[in-house]
Structure formats: structure tokens, C-alpha cells
Amino acid sequence: MGGIGKYIVQRVLLTIPMLFILLTAVFLMLRLMPGDPVLAMLGGRNVSPELIEQRRKEWGLDKPLHVQYLNYLAQVVRFDFGKSSRTGRPVLYELRTRLPATLELAFGGIFFAALFGITTGIWAAVRADKTSDHVVRLFHIGSFAIPIFWLGLMFQMVFAVQLDWLPVAKRVSGIYAYTFQPITRFYFLDAILLRDGKLLLDVFKHWILPAVTLGIALTGFLGRMTRAAMLEVLDADYVTTARSKGLAERVVILKHALRNALIPIVTVMGLQFAILMGGAVLTETVFSWPGIAGFLVRSLDARDWNAIQGTIVFIGVFIATVNLIVDILYSIIDPRVRY
Amino acid sequence: MGEVLSVRDLRVVYRLPTATVEAVGGVSFSLAPGEILGLAGESGCGKTSAACALMRILPGTAEVRGEAFLEGTEILGLPEDEMSKVRWRRIAMVFQNAQAALNPTKTIGYQIAEPLQVHLGYSRRRALQEAGTLLERVRIDPKRLRDYPHQLSGGMRQRAVIAMALACRPAVLIADEPTTALDVMVQAQIIELLKELRDEYGLSLIYISHDLMLLSEICTRIAVMYAGLIAEVAPTGELFRKPLHPYTRKLLGAVTKLGFRAQRLETIPGSPPRLSPPPPGCRFASRCHRTTEACGREVPGLEPVEEGHAVACWNWRDDGAP
Amino acid sequence: MALLEVKGLTVSYPVAVGLSAFISRRFLVAVDRVSFSLPEGRTLALVGESGCGKSSTGLAVLGLLEHVGGEVLFRGKDVLRLRGKALKEFRRRAQIVFQDPYESLNPKMKVRAIVGEPLRIHGIRGDEGRLRRALDLAGLSPPDYFLEKYPHELSGGERQRVAIAAALILDPELLVLDEPVSNLDVSIKAGIMNLLRDLQEELKLSYLFITHDLADSFFLSHEVAVMYLGVTVEQGETEEVLLHPVHPYTKALLSVAPGSGREKVILSGDVPDPLHPPPGCRFHPRCPAAEKRCVEAPPGEVELSPGHSVRCVKAESPREEP
Amino acid sequence: MAEIREAFRTSPFGKAGLVIVGIFAVLAIIGPYIAPYDPWKTADQLEDILAPPSWRHPLGTDELGRDILSQVIYGTRITLIIGLSAAAIAVVVGTVVGVTAGYLGGPVDAVLMRFTDSFLSMPFIVLAIVIVSLMGRSLGNIILAIGLVQWTQAARITRSQTLSIKERVFVLRARALGAGPLYIMRRHILPNVLPLVFANMTLVTSLAILSEAFLSFLGLGDPTKFSWGIIIRYAFETGAVSIGAWWYFLPAGICIMLVVLGFSFISNTLDEALNPKLRRGQVVI
């Protein structure tokens, strides 16, 4: 199994140039965009030239580009993104405290996407070209076509405002906002650690709508992929062989077809994660969810330079890491991957 | 008596959205114990469709008619759950592309052991043990049970597929172009192995190939198919010595031979008829060099000529030996 | 003087082993110091199993590969060193026909464009007559029927004839035929083989005929070179080599060719991985007559009779028939 | 071409897609002439503020008493312009990068693809947000931003297609004839890649329309125009959800969904026509 270790090391090494390109791209984008970033950040017309110069110095933007670049890299390596001008706290602190919220939402999204997407995809492939297949495909395309924020608004209106079954927004109800001291900031985990059943229920009620919303946004992609991959596998000779060996259809599908169909699905999972984070921006905005994406949007509104740069780099590194994990996972399910 | 498999008037019709294609148009043959019957023919002649029909693994668009008695039991009309007990246990198949017939994410051992567990109720351990024995029998190191298909060479993969097919000791094995994708040397290895296994396990084989020369090396009898029908069937030696159907003769004349440099090779003008629907008379009539009025009117049946030799041609008598 | 003279031709391919391809590159030697000559109007067949380097040799001769060593003299000029106009002139005089007519024709182009393409590339004013003549030569008549068709509207044999027509339109002297009939049904293949022979006679073409089928090479070639793992083990007049083989590999290969009528010499195992070729004679691990000295050093080429040479130590010291 | 026509003929989804997109295209062209009101015209009377649908205002009014039906009709043109132009930018950039990387291979390919990968690992919405908020909220900038973040997919698809065509024997044959790289790209690679590019363009258009809606919803739309996303943004800002003003955000959302659905149907049908693997029911002979 030394092979896998070597593969992982190689894969990690390959991630480095990618991160480097990403960091450089972010840097260039933020510095070379038309328009003066300082002016843009200060956001007003009536700003004195002195203030502009002062800010420019403060942010090191008066130095030559390559010096700025090296400073930036040095910062990033130390995970030091400076202070947020909006909140006054270090950007890294802001991101760290918000990450659990985003992760809780993202896991929910992946969970529901897999639940709706993979199961319906398999179902559609097995019943290819029957009416149920067409219905499922329509559902897949439909879930892709619905603007996710709009879906969130609809859910809010139906389940929160009209039916009053679930809360409209936020992670917990108002009463907990002051009494509840988060430990891990993963609220599910916190509620369990605190042995507070009511809190757990409250957290779940707040979580379910945003998680389902985010999940549906991904269902279309995942479902279509699953169906296509499954169709291809079901057509393969080895599936015919498995069937003719006398295996029950359930065994053929679960043991022979599914694993092979999952291989291409896992490869796109990494890309899905980038889409998921994009979806999280919208979901967090709709549901006032206190996560990283919401933080980015508010930082943009406030022209909070350090926070914007820090958040983008953070998200990029985060997604690259997830892609890395997905790739390694892939090499484990597919024995054909040569280490 | 003593026939393992007897097929009567087998027909396969594909009902496609755009057309109805009669891929096999009424084929009858029988297989004696220990016999190796060759099904020869060019692409599209229906040889694979016929084989898959016997295994009952054709897609839903295909309609199968006729009868096939396997060890006395009619299998084409069996309910699917009965058939799934017969399939692989009494009649198994080796596909052309061994790479595709093996699941890339399961070990060779797992795949050979599977039918033993399903059909013979072996425990996992016993099945794997037996799989090891089978691998050894097809001359693969039993250590390779744990290998994945991509770790084997092309020849080994095909041998593993043969081991998988023979796991339950079936009475009949259908080999569909098992060596077409392989080199001659590996092909020779596989053929030698199949002959040995036939003797050892008392197998009967249906060997499908487009290569008449290859069939002459392994088969006891050869049936030449054309456009969904058997044109001629004869013991191997006899077919090569005394081919009667014009198609068989042309085919034999078209083959390049070692040691005999022909001035020209026989060619067959035109192309096989469309089978949607098939023409009314003899299907070879449009390409035949001697046709009579009967040829365009009615399909000739297989007419026995000698013991084991039959031909489907209206004019075989007039068309003296070559 | 020979039309084509190949001296010490070596072809290697860079091998990407997983992700490490970014860090280090290794080379696989597919063809190792192969020499032969092809006189005008004659056919040399390169035969061997897949991976023996015969196709690489064909492509290298046309200057289509990178990492090629040695000399390829076409009318005395080294193709591997030709550039610019001289290279283009060579490309006009040497053409290739590939194995798979489904693959070698651009599906988006009509026959007119495909056959006319060589004229366009070489900036020759294409007149209709030239197109028709090429189609006619390739046996596609009437040409008007074919000119406006797309490849998918043609049968396999017709497609291969289109490929041949496109190869003939520039009046070449050398044709590299890379398994031109391997994917075709017997009856269609026979027509193409006849055509190739007729064309050679009519146009005084020289063929480099690459094939895995010994019988085909027997039909079409004047000389044969047998390749194994990138090395020519035996070459000479076709009848000499294929009827009185000397090298143990040639003998084995001939014996397993279907219909050869020889006693089978079935070599066990597979051809070794070309990345790690065995030391000494490359054939020794599978050779039925191998001895100690075969491992020590690669055998030199021995000329048994004028034009018939073999690479085997047993032939070097002619004590007995190896 | 024949297989594409055949695919649309046999697929009800494909036909539905053409019809939906066709209707909205017509609406985009003639919209301003048939809209009942000027979408910017505010109400004179109080009862016209946030009024539910009525005969006077079939889709109700917003918090300033502006007619929502007219906003939606005006929005059609803006939405389609953004969608199609952004998709055009994305597909042109993507195709150039993809074909170049695929055909030239080697280091050029490696660099371009690493670059594409790093783009892919950035949520495109996040990138677009940053670009628009830095460059300003104008129609042109929004188109540019969406185009610049959507090209990666087109690049990947054309690259892999180029790679597979490059290995096809007919390309080798052209090389054997002495054809240069430009000739091969023009005569052999592009004709085989373009149909896929075209199919991809319909998909990217629907993604671009969604992206525009996302940006507008996040408050980054062009404030001088009405697009469907902006209407929903205004509804969100007004708190239409909590006061139950469903007519404010329902129509625009349904329009987005329909148009995206239409383009997706077309793209699916094209995919199936061009990718034989997805077709079913072949004969086994």
C-alpha cells in the first residue's frame, strides 16, 4: 500500500502550483482591475486626497507591484489576512468563527443533493425511457433551472410565513441568541454536548430549509450525472455477465453497477463543491445565515479590502483541499488508478 | 438421442423505433455431447444474436421465437426466475471482449466465486478456494485471485473469463469470438485450453467466429450463416473438401492461405440484403452467380445431403463440385 | 538502387507513468535498429504480433514520429532529415492507408473533399478528371455516385477504397499499408487484396505492407520481415521465410496460424513488457530451443542465403538446424 | 445536422425547449411595444402601492406602485441580452483556450489547464461578485464578469474533444499528406468541435442567465435597468416574503425558471444527438 502514500504525496505536490496560480490570479485581479481599489473601497466621491494617500500607505499599496505581491504571499503563507476594517477584528478570526456555520450548511446541502440526486439518478437509469424516467429527468432539469435564492424565498413564504412550521431565518431562535454559549460552533454538536434536546430541535428546524434549498440546487447536476453514468454502466458487458451469472437484479445494480457508476460521479464531486460554495453565498443571504459567504457579501458592501481578499483566498484553499481529498478518495474506489 | 442442445426454428426480431429487423430468421441445429460446433459468418449474419437468444440476454427490443431444448428442457419459454437457475449453471457464455466482460472494480477471485455462491450455495471461503482451483486449471497462478482485471494481460483476462464461465460446470459453453481481439499465439493458447476443457469437463461448445480457418482448427462441425439463416452445415473436413452452397464456396475462395499463392481471391459482388424486412426468396440470391427462378421466390430449406451435411440451396445438385 | 532503404531505425516513445510524468520521463524502445530495403515495384511485409513495432516502423518511415533514430533513405535522401519543400515533395510521393476506414476518414467531409484533400494540401489545381480517375482506380465506379457521399453512407469496403483513392491521387511511388484489411469481412477483404495487387502491377507501386496475418503477407508480398519486440528476427523472400522458416519464433508463429497445417508450437505466457525487454536474445525466455549463450548477448544477423537473414545464435554457428 | 433535426423531431423536451425560448425571444424583441405601462412610472394613488393582481395591474404592483407585468416584460430583453452575450464571450474564450491547449499539448496545455483548474476551484459566483463590485454595476461589466467566469467549462469540453480528435487517424493521415497545424485545425479539428461548442453554448446561456439573477439578487445588478433578478432583489429588500406579497417575486422567478428550462432542454437534446453514448436501444448483432 506504499503506492497510495506516494500517490497522495504526488497529488499534494501538484496542488501547490495550482494554489499558487489561484493566489496569483486573486492578487492580479484585485490589483489590476480597472478603477482604483482605494477609491472603490472608500466608496465615496468626497474623500480628501490625504485620506486616500494615507489608506494607500496603510495597505501597502504605494509600494511597487512585485513588493506588494511578495508581501501578499508572505501574509497568505502565515494565514494572516490583516484586520477587517468593518468589524475591527482579525479576518482570520472572523472566518474561523463563521466556518462551522458554512460547513453545517454545506454538509446539509451535500446530504440532500446526494439523497435526491443519486437515488433518483439510479432510479431513472434503471427504468430508462419509461415514464418514470422522463419524470425524474424533468425533475433534474427543473431543479437546475430554479434560481436557488428564489426557491429559498418560496420555501420561506410557504413553510415559514404561510404555514408557520419553520422559522424564517438564522441558525437559532432569538431566545437562544443570548443564553447559548457555543462550544465548537457546530450547533448540532454543541446542542448534543450541552445535552439540550430543545436546542437541538431548534437548530434542526433552522437548518432544514436552507440545507434542502442548497441541496436542490445541486440535485440537478448530480442526478443527471448519476443517470448518465449508471446508463453507461448498465450497458456494459460485465453487467450483462453479472446478470447472466444468475445474480438478483438488486445485487447486480448495487454490487456491480453502482460502484463503477460512482467513479465518474466522485470525480465531479470536487467541482460540485465549488458550485456548492457559490450556492452557499445565495442561501446564506436569503436565510441570514451567519457563515463565510454572508461575511463576504457584507464585506463587499462595506468595501472591506482585507476581508475580501482573505475570504477569497480562504475559500480557494478550502476548495482545493476538498478537491485533493476527493481525488484521493477516487483513487481508493477505482483500482485502475495507477499510483 | 444424446443431444445436449437442440434448437428449432430460432427467430430473433428487433423492434426498433425506426424499423423491424429480422436478425435471425429461423435457425435449427443440434449439439451432441462433447461436440464443438462452429457458427461461421460475416458481421451482421446473426450469429451473436442467435447465441444471446439462447442465453436469453438480449435487450428488451428483441423478440425471440422458436424452441431450444437444453438437456431435454425447453429454455426459450421458461419464466425468467427458472431461466436464471439454468443460465450459467447449465449453459454459459464467453464474450468477445474479456476486458469489458470483467467488472473493473472487483477482483478476479470475487467474480469467479460469485456464480458458485449463487448457484451451488458455496460459502464465500469455499467458493474462493474453488475459484483458485479453476484459475490454476486455466493456467493462471491462483495468487492472482486478488488481482483486478486491469492487472492481467489480454490472454489471461480471457482465460479468467473462461474460468468464470466454467465455474458451475455447465453442459454447454457458447464462445463468441473469444480470441478475435487477441494475437495468434494467445489465440492458439486459448483454443488448446478450450479443447482440453472440453475433454475434461465433458463440455459441448458452440464456437462463434468470422474466421473459417480458425474454426477448422477447433470445430467438429461448422454451420455457415448468411443474413440470419444457416446456409450450410457440415463436418469440418467435409465442408472444406466439398462445399456445396455458393456462399460457402465463395467464402472459402476468398480466404488467403499459407503456402498457396492464389492468382486472385474470390470476391462476392454486392452486399448482404437488408433484413427489415428480408427479401422473399433465397437471401443470397442477389449476390449469387447462378440463380434460377425458384431462388427469388422461396427461401430454400436446409436439405440433408449426407450424414451431418445439409445445405440450403435450390441448385446445389446442378452446381458440380468445385 | 532500392526505392526505400532503412538502416538501423530506432523508435522510442516517452512513457508517462502516472503523475510522475511531470517529474521524469522514461522511454520505451518500440523499434530497435531495424534495417531493410524495398526495391521499386515490390512489396515488403512487416509481420508480427501486436506491440512488435511493425506499425511504428511504418509511421517512422514516413517521418510521422518523434524520437526516431537511424536512417530512412528514400531514393537516397534521408527522410528523417528532410525539411520544408523537400519534405513536402516526399509526402507527395509516399502515402499511407490505415487499418480502420471508419477512423481514417473525417466524418464531416464528403468523398470529393477527402479524395481531393491531397491536391489541396499540395496546392495542385484539382481537376474533376483527376478525382474520377483516382476513384476509378480504387474500383469505385461510377465515380459520380460516390463523390457526393459522406463516409457514413458507405460500406466498410467502400470506405477503404476511398482511402486508397485518396492515397493514389498524387501518383505516389511508395504506399505504406498499415493493416489495410484487418477490420474487414472476408468477402470484402478479398476484393481489397485483389485491388492492391492489381494496382501494384498497373502503377508499379512499392508497398510496405504491415500485417499480423501471415497468410495475407503470403498473398501480397515478395519479401517478409518478421518482428518480435521491436527487432527483426528473420527476413527474406516470402516463400523462403514462410515455407522454410529458420528462426524458432517464425516457426512458432507459422505453426499457430490457422490453417497452416503445421504441428503446433504453442509458446506459453505473453510477450514481455517492452519497457523491460529481456537481456540477450529478446526471444529467449519463450524460445523452445534457448540455451545459455542466448541470455548473454543479442545474436547478430546471419545471412543464410542471399537475401535471407536471421537473428539466432544457432544460425551463427551452423552446427545443426536450430 | 441530420441527427440534430432527428433528435428534435423525436424529443418532446427538445421541442418544448425551442417553443419556450422562441416565445421569450419574441417577447424580448417586441416587449417594450406591448408592455401596458412604463415600468418606472410610480403610482399616483395609495391603493396602487403593493397592490395584488387586478385587471388594472395583472401582476400587481411594487412598493412604489410600479406595474410588475411591465417590469417583467422589460426584463426579458435585458436578461436575454446578458445571457447570450455572456455565453458568447465564455464560449469564444473557452474554445480558443481549449482548442489551443488540446492541439498544441505539452507545456502550453499543462499551463493553460492548471490555470483553468484554479478557476474551477473558485466558486464562479464569488468571482463574479468580486469583479462586478470592483468594476462597477453596469450592464457591460456584468456581461464581462459572467463571461469571464463561465469560460472554463467550454475550455474543458473543447480541449477534451480536441484531444480525442487529434488522435483520430484522419488527422494523422492529413499530417502524412504534409498538412500544417493551421490547416488541420481549420479543416479537421474545428468542424468536429464546433457542434459541441454550439451545444455547450446553450448550456452556458442558461448558466449565464442564472448568474445574472444571482448577481442582481446580491445587489450587484445594473440599477438603471429591470432584469428578472433585480425585480426579485427589490422584492427581497421590500420584505415581500414576510408581508405575503407573492406576486412581487413569483412572476420573475417563474420566467427565469422557464427560460433556463428551455435552454437546458435544447442543450440536452443537442447533447443526445451529438453524443451517441447517450442514445439507447441499439441492435446487438
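The chains carry the letters A, B, C and D, assigned in the order they are written, with residues numbered from 1 in each.
Keep in mind that, in the parts below, contacts are C-beta pairs under 8 Å (C-beta built on N, C-alpha and C of every residue); 3 or more make two chains touch, one makes a residue touch a chain.
The shown structure was predicted, so the numbers you read here are calculated from the model rather than taken from an experiment.
Asker: Out of curiosity, which chains are bumping into both chain B and chain D?
Answerer: Common contact partners of chain B and chain D, which must touch each of the two, are A, C.
Asker: Look at the interfaces C-D and A-D and say which one is made up of more C-beta pairs in contact.
Answerer: Per the contact counts, A-D leads.
Asker: Between chain A and chain B, tell me the centre distance in angstrom, where each centre is the average of that chain's C-alpha atoms.
Answerer: 54
Asker: When the centre of a chain is set as the mean of its C-alpha atoms, what distance in Å lies between chain A and chain D?
Answerer: Each chain reduced to its C-alpha mean, chain A and chain D end up 22 Å apart.
Asker: Centre to centre, by mean C-alpha position, how many angstrom separate chain A and chain C?
Answerer: Between these chains, centre-to-centre, one finds 55 Å.
Asker: Show the residues in chain B shared as contacts by 2 or more other chains, in ascending order.
Answerer: 43
Asker: By the touch rule stated above, which residues of chain A touch at least two different other chains?
Answerer: If we look for residues of chain A contacting two or more partner chains, we find none.
Asker: Considering chain C alone, which of its residues make contact with at least two other chains?
Answerer: 22
Asker: What residues of chain B sit close enough to touch chain A in their complex?
Answerer: Against chain A, the touching part of chain B is residues 55, 57, 84-85, 87-89, 92-93, 95, 97, 100-106, 114-115, 118-119, 148, 150, 164.
Asker: Would you mind writing out the residues of chain B in touch with chain C in their complex?
Answerer: That would be residues 42-43, 139, 153-156, 183-189, 192, 210-214, 216-217, 250-251, 253-259, 261-262, 264-268, 271 of chain B.
Asker: Would you tell me which residues of chain C are touching chain B in their complex?
Answerer: 49-50, 155, 185-187, 189-191, 193-194, 197, 212-216, 218-219, 242-243, 252-254, 256-261, 264, 266-268, 270-271
Asker: Please output the residues of chain D touching chain A within their complex, sorted ascending.
Answerer: Its residues touching chain A are 13, 114-115, 117-127, 129-131, 133-136, 206, 210, 213-214, 217-219, 229, 232, 235-236, 241-242, 244, 246, 249, 252-253, 256-258, 260-261, 264-265, 268, 277-278, 280-281.
Asker: What does chain D use to touch chain C in their complex?
Answerer: 110, 168-170, 172-179, 183, 187-188, 191-192
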